[in-house]
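Data first, discussion second: the structure below is written as structure tokens.
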Amino acid sequence: MEQTAGFNYGIVDEKLKEACGVFGIFNPHDRDIDLARITYFALFALQHRGQESAGIAVSHGRGISVHKGMGLVSEVFSDTNFDALKGKIASGHVRYSTTGSSTLANAQPLVVRYHRGSMALAHNGNLINACEIRDGLEKQGTVFQTTIDSEVVANLIARLQQDSIEDAVKKALEQVKGAYALVIMTNDKLIGVRDPNGIRPLSIGALDGCYVLASETCAFDTIGAQFVRDVSPGEIVVIDKSGINSLFIESGARKALCIFEFVYFARPDSVLEGSSVHMARLEAGRQLAREHPAEADLVIGVPDSGTVSAIGFAEGSGIPYSHGLIKNRYIGRTFIKPSQQSRELGVRLKLNALKAVIKGKRLVMVDDSIVRGTTSGQIVQMLKEAGAKEVHVRVSSPRVTHSCYFGIDTSSRKELIGATHSAAEIREFIKADSLGYLSLEGLIKSTGLSAEDFCTACFSGRYPMDVPKEGDKYLFEKY
Amino acid sequence: MEQTAGFNYGIVDEKLKEACGVFGIFNPHDRDIDLARITYFALFALQHRGQESAGIAVSHGRGISVHKGMGLVSEVFSDTNFDALKGKIASGHVRYSTTGSSTLANAQPLVVRYHRGSMALAHNGNLINACEIRDGLEKQGTVFQTTIDSEVVANLIARLQQDSIEDAVKKALEQVKGAYALVIMTNDKLIGVRDPNGIRPLSIGALDGCYVLASETCAFDTIGAQFVRDVSPGEIVVIDKSGINSLFIESGARKALCIFEFVYFARPDSVLEGSSVHMARLEAGRQLAREHPAEADLVIGVPDSGTVSAIGFAEGSGIPYSHGLIKNRYIGRTFIKPSQQSRELGVRLKLNALKAVIKGKRLVMVDDSIVRGTTSGQIVQMLKEAGAKEVHVRVSSPRVTHSCYFGIDTSSRKELIGATHSAAEIREFIKADSLGYLSLEGLIKSTGLSAEDFCTACFSGRYPMDVPKEGDKYLFEKY
Amino acid sequence: MEQTAGFNYGIVDEKLKEACGVFGIFNPHDRDIDLARITYFALFALQHRGQESAGIAVSHGRGISVHKGMGLVSEVFSDTNFDALKGKIASGHVRYSTTGSSTLANAQPLVVRYHRGSMALAHNGNLINACEIRDGLEKQGTVFQTTIDSEVVANLIARLQQDSIEDAVKKALEQVKGAYALVIMTNDKLIGVRDPNGIRPLSIGALDGCYVLASETCAFDTIGAQFVRDVSPGEIVVIDKSGINSLFIESGARKALCIFEFVYFARPDSVLEGSSVHMARLEAGRQLAREHPAEADLVIGVPDSGTVSAIGFAEGSGIPYSHGLIKNRYIGRTFIKPSQQSRELGVRLKLNALKAVIKGKRLVMVDDSIVRGTTSGQIVQMLKEAGAKEVHVRVSSPRVTHSCYFGIDTSSRKELIGATHSAAEIREFIKADSLGYLSLEGLIKSTGLSAEDFCTACFSGRYPMDVPKEGDKYLFEKY
Amino acid sequence: MEQTAGFNYGIVDEKLKEACGVFGIFNPHDRDIDLARITYFALFALQHRGQESAGIAVSHGRGISVHKGMGLVSEVFSDTNFDALKGKIASGHVRYSTTGSSTLANAQPLVVRYHRGSMALAHNGNLINACEIRDGLEKQGTVFQTTIDSEVVANLIARLQQDSIEDAVKKALEQVKGAYALVIMTNDKLIGVRDPNGIRPLSIGALDGCYVLASETCAFDTIGAQFVRDVSPGEIVVIDKSGINSLFIESGARKALCIFEFVYFARPDSVLEGSSVHMARLEAGRQLAREHPAEADLVIGVPDSGTVSAIGFAEGSGIPYSHGLIKNRYIGRTFIKPSQQSRELGVRLKLNALKAVIKGKRLVMVDDSIVRGTTSGQIVQMLKEAGAKEVHVRVSSPRVTHSCYFGIDTSSRKELIGATHSAAEIREFIKADSLGYLSLEGLIKSTGLSAEDFCTACFSGRYPMDVPKEGDKYLFEKY
């Protein structure tokens, strides 16, 4: 009933970090198709990319209608919302809950009116020169109402007097540095763009003669669309009544897909650059077994993200796999803090060890990554209390040593245990009997792609473009 | 729990019409004062000026925090909101529910970041050249995210490179035509502005050494502030650590306070231009009795707005006054539609006739205005069914014949019964035994001010500035 | 969305005190009428009798459906609720917010299943032997789930094996002492009962061939029903397909309508025992002028309840009446506490003095009653600060000296200023220049009824039946 | 904000079917422990047993406080609720969403006041003679306000005048037939009861010197309690200041734990009668491979419940296991219906096939049970569309042929595909290449317990007590 929006305006930089999912659909036919509802189901499939806020915008010729809200897709939309969302083009967005200060004002798609009419923008990624550009635009008299990159992009586009919107988009994005998968919707066009490095994924699909854009192919499967192809790095895909056309952002940039999409971020049933995410994770487990074998009785995974690599490890090592930890499926996002007496309850609420499986066993415990180390340490302890004789931790990706500037929320570098501690120190911190990280080469090999395809900066520090100096920067946080 | 925002972007013009209340407070002292809470109570006192949305913004040196929501002040704010609203300057806004399409995106204060820092704007009134200016700004590359005038003003200010914010405000407003009472807040200043005609009211008060701005003086009484003076037409009042200073918008405009503030809009306990609203309404009733006497046994008012003029009419005519209609105080804003069997239930839910008072009597029924005539007709019928022998309707303002362009929501001219029907026809339509409207001269006289002080355009068609040609324009709607 | 119920079970007695509104309607025809919707509108008209919770139950032959909730009628019901509330008999209830511990478990109508089928009870009043009866029933093995009298009555009825439900109701109520206006609904009957003293009101109406029962006649006016007659003290009205029949509770009790219904509780447009509440309040003011004249320039009332008696006082005294205090119509039920700096803000949020009216005047200020005295004192102070030279307080009812045991929430006797202080002391406490209470004789005379018709216990201590000894008992609290 | 309760009273029988989780904790120490908060976390661990409503009651010496609501534990409780829930004994309940007609009135614990004081009841199971007993009690004058078995039990207990509450409980339950795990709380005692057959589980734990009762041992792990022992069939465990004591319901009943707790209902990390649920499911898969081998390339499970048995099948058959279906973790409980164009979207929203794994493969697909067959058929189709050459369905439990009368919601027998179709017909219906069900002997063997320990009625029709004749009865529904 009550609708509120509150945002702290002064402190801006932290909010620019985000990870999101985007979607768009264009109906070239005369017959009516309920695009908003299809977008809704597609956002369900992309929900893992962002649980903070969700929005759907629809272009109906005379303008653009939008409904946005805080929370999960299922919480933001009810049947009545769809009555006001009828049209021939739709776009949608889910946003990641980075910190508590997330607000409705920052929910997307961002809808603006400008000299060509109305425009809706949905953005996944992070622009590393957004602040610079914003400062420049402010000096020229622009006002900003949000702290999201989409607003910067919208202003750049609006200031350009090119012949066509797509030319303006091209020109605008040539001023921008960073990672972006963008879905832009106007009165009569749907435009998809991927940054010249192709850091964030974006694919094209087809559904009953409609064109579809989505961050991940799993969204196509859910709505019953066919995968057509990935948007190329630097490509601007323009969809309108006349069909689909492309132009390209000029740039000497090399391809650099975020390798962490394979490690953790993408859904396992998605296909990135032709490679199955599930298969890559399975192979990473096999490779890990080769690189860091262990004398053990049983391989277990930390659910859900460590399970598949654990199965791969089992295959690779010949040690049997078993479920060893049960995850509570009902952990809500808001909840009551334990009282003083039960502070250690944190991990136990989410995970429980299968004593009957673990007791007396030497375990290999596979996880996809270690961020701060605290949770890993608690799980090792839980397993030992459940009777494990040894716990050998194996991580199906390298040590995270560097901050991400391209749209994944990382904590400040000093909170990133991999940046400040050696593997030996981390092993000690989490009280594991041994610890092994997959090598970067092993990880790349597991994807079936080559080192040239990836941004591996969080593991290697080799950024695909110049990045700001390390001040107070960010790490991965998953739990 | 769920926070949602939805707005229809295409159809813009209707949303520009609004009536609102604004408030601001500046604490020059070192000691902490809970300005947000004071603003909250002041907005309570201004709630009659707008029930659609409410917002409070606070400037805390490093930027501006804001909390806004749909609904009444009491619904939008809870105790927890105030923790995030600490600072040395605060401003607030209530907005009128004109139509169902009101949305959170249009709630105020509007907070923007621009080249000087942060700025919050709260606006009461209507700019008649807002569309023109917006079109011009769009051509120069500006994007708009709302349909409120404040966004136009914010962009004008942001584009100016004057030495000071106040000079930029002056320069910006010299491009603007229409009615506005503006409260602008920056990191270190609170600025109040009234348009050169002074169409909308704005007053200055003092509270424990703090400076206060409010649409109506009743807000001062509620928070315990002292009235200092009205802001003059065209005056820009700048409040900062150094005190209070003024500059003026250059313009040859004459003073033209909206006379409808006296008729209906302002709270009776407010004082406008030195005149008590209550006293003016009482005197309007007396004057009405002189202009349109009636042979009757009893004078009654249509509660709440017609009651005081009815008492005045009773005094002027010597006919005794009585309560004759009881108003239900619990009519919520959202409610269930009557079923087929009880369609005529509408007015009966809100009003009930006091049969014991009315039966067998010849009545004078005083109301402050007639908009569409439907409600007046239903009340006359209710009184007759309750046993009234005659019902002589007296209206304490002239016939509303012209649309308002200055911030009061009027329906299209063809729905305005006064614009399309003579008094005789209206009398017939509402089935009154006689009908008399107060003359414009009588109304002006009742205020104690002179004709030169007022905008009387809705009664006279004499607008204080050039207005757009009559297309699909607007009337008063009160019930 | 979330539905919650919480109740504190241990502390019971305080919750038994309540004041409520009841309604029932029976459709004997074959044609469908949306009884739940009519009940909804009737509850709107009775909302002043209880704002804590609301409920509507409908009997549909196979059983009874009910929807109840905390809050105002407009908050509890939405259009979708009515789909599940179809049937030939309906009843409704609104409950008064006595204290913060009110809960959904205590909302009415109470629906139970028992040996005759289903039964819904809605109750206004208070049984003074409810605890005794409950203790007795508990000893015989009965369990209780709420703290409302209706549950006691339902159990009494269910344990009786009389031939008919009405005989069981009669027999059950003969065990009960206290005040009650009851609406009972079964699968095929609608039953209205008033206690043998007739302490709480209950009237019969007719609407399109349907029979209607309501606490006050204003509900009939709202739904367009015709008043037929009051239910007599001790009468059990039984409405079914065959028509309307009566039986009577045997008792030597004298009639004793609560006189406070005339003073404050009933809506002015209601008619009690043939007397108009409005007319009685007007006459009380006239009588007050005769009993306690004042040398003054102006008579004002404390809105809303003091206004009519103030007009009466003006008529009686020849001193002109004026509005003198303006009431804020938007005070929500939940709100933010003032901070330290503005603790005295309480009354100012609700009321504001009309300085232009009051300044330099000697005032008569009329209110309907004084409970704790605190509010009255704050209003006197507000008037003096607004420039009143003298404030002569006149109260249109006698001093409240005794607790009510019959369904009106009174605070403990020691908080009741009238019980512990003389009129002279109260005058001093509220800092009035003079103070006059209407005499009990004057009050009775103003109603047009005779002393024998009333319960005047709160003024006189003469209870119409034996009541418990004064322990921690209750006073009137109105503001 | 709004609190509502609505229930349809006429249609009663369907509501008596339910499956739930119960919990209780008793603090014998003087030091304060936040029992409500511990109960909250325990209910989180039991959430899989019921997602419809949740409640926590606390006994504080003077009575019992309770907070209940519709929805998940995380939705019903917020931090403020715990302030009102302080005491020395606590109990909690989660209830299963059987049908849409679930209501707040039926939420548990049920709190009543009766001759011994206050009592809270939380019940898991189903009484098959509840209607009979209720009819009998109604004839003796009892009223019922809910449709839950707990209310019947509470009335039976309250009517008994035994020396102690435990004797009354024993006497009351000797009149009752069916399945029950009960947690009863009084002012000073916590009582746990399991029916003479022990159909529903209930275990005793210890936490920091407090006694704990829970439906499943996984709740002990979550709160950090130690498992002590299971409550025995027919045992009444009485916990008070003096410690823990037992008495027994007299009955010749044999032990008959619901075997479906092993198949699907219990959490895998729980231990029932000393057997690990996870281990039993793993072994069931191995046994299934022996009973129904398949020529195939890959074994996959239907997540989440089929996964472990699939791993067991892989181990038993030597065919490799792989994830083959990905489950969307964000499917909310309320959601938007697909439009006409996408009706087949149902299963795709929840599950997606891993094409890269499945393509060209002959699959064994393991699920724990088949209820209506519709979902199984859709999954088989999804796998074939993803490129599976063959799909051999294996079910890790026997065909469900008979209704459950003991607390698990089953649809009417005619909707139960196993009751009306042979395995061959079901294979054809779901379009599987082959279909094999685990034998009952195989299932029993997998648990490590013996046939005499179980109720296997839903598979065998051999009920552990006389049950009502098959009218319109109930089947399992899981998806």
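Per-chain residue numbering starts at 1, and chain names A, B, C and D are given in the order in which the chains are listed.
Methods note: a residue touches a chain if its C-beta (ideal position, glycine included) is under 8 Å from a C-beta of that chain, and two chains touch if they have at least 3 such contacts.
What you see is a predicted model, and the numbers here were worked out from it, not measured in a lab.
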**Q.** Any chain in contact with chain A as well as chain D
**A.** none
Q. Do chain A and chain B face each other with the same patch, meaning over half of the contact numbers show up on both, or with different patches?
A. same
Q. Just curious, how far off is chain C from chain A if you go by their C-alpha centres, in Å?
A. 59
**Q.** Inter-centroid spacing, chain D versus chain C (mean Cα positions, whole Å)
**A.** 47
Q) By residue number and range, which residues of chain C touch two or more other chains? A) 1, 75
Q) Linking chains that touch, what shape results: line, ring, star, complete or other? A) ring
(Q) With touch defined as at the start, can you tell me which chain C residues reach chain B in the complex? (A) 1, 33-34, 37-38, 40-41, 44-45, 47-48, 51, 72-75, 77-79, 82, 208, 218, 221-224, 267-269, 271, 276, 278-279, 282, 304, 307-308, 311, 315, 320-323, 326, 328-339, 341-342, 344-345, 348-349, 352-357
Q | chain C to chain D touching residues, read off their complex | A | 1-12, 60, 62-71, 75-76, 81, 84, 104, 107, 110-115, 118-119, 138-145, 151, 154-155, 158-160
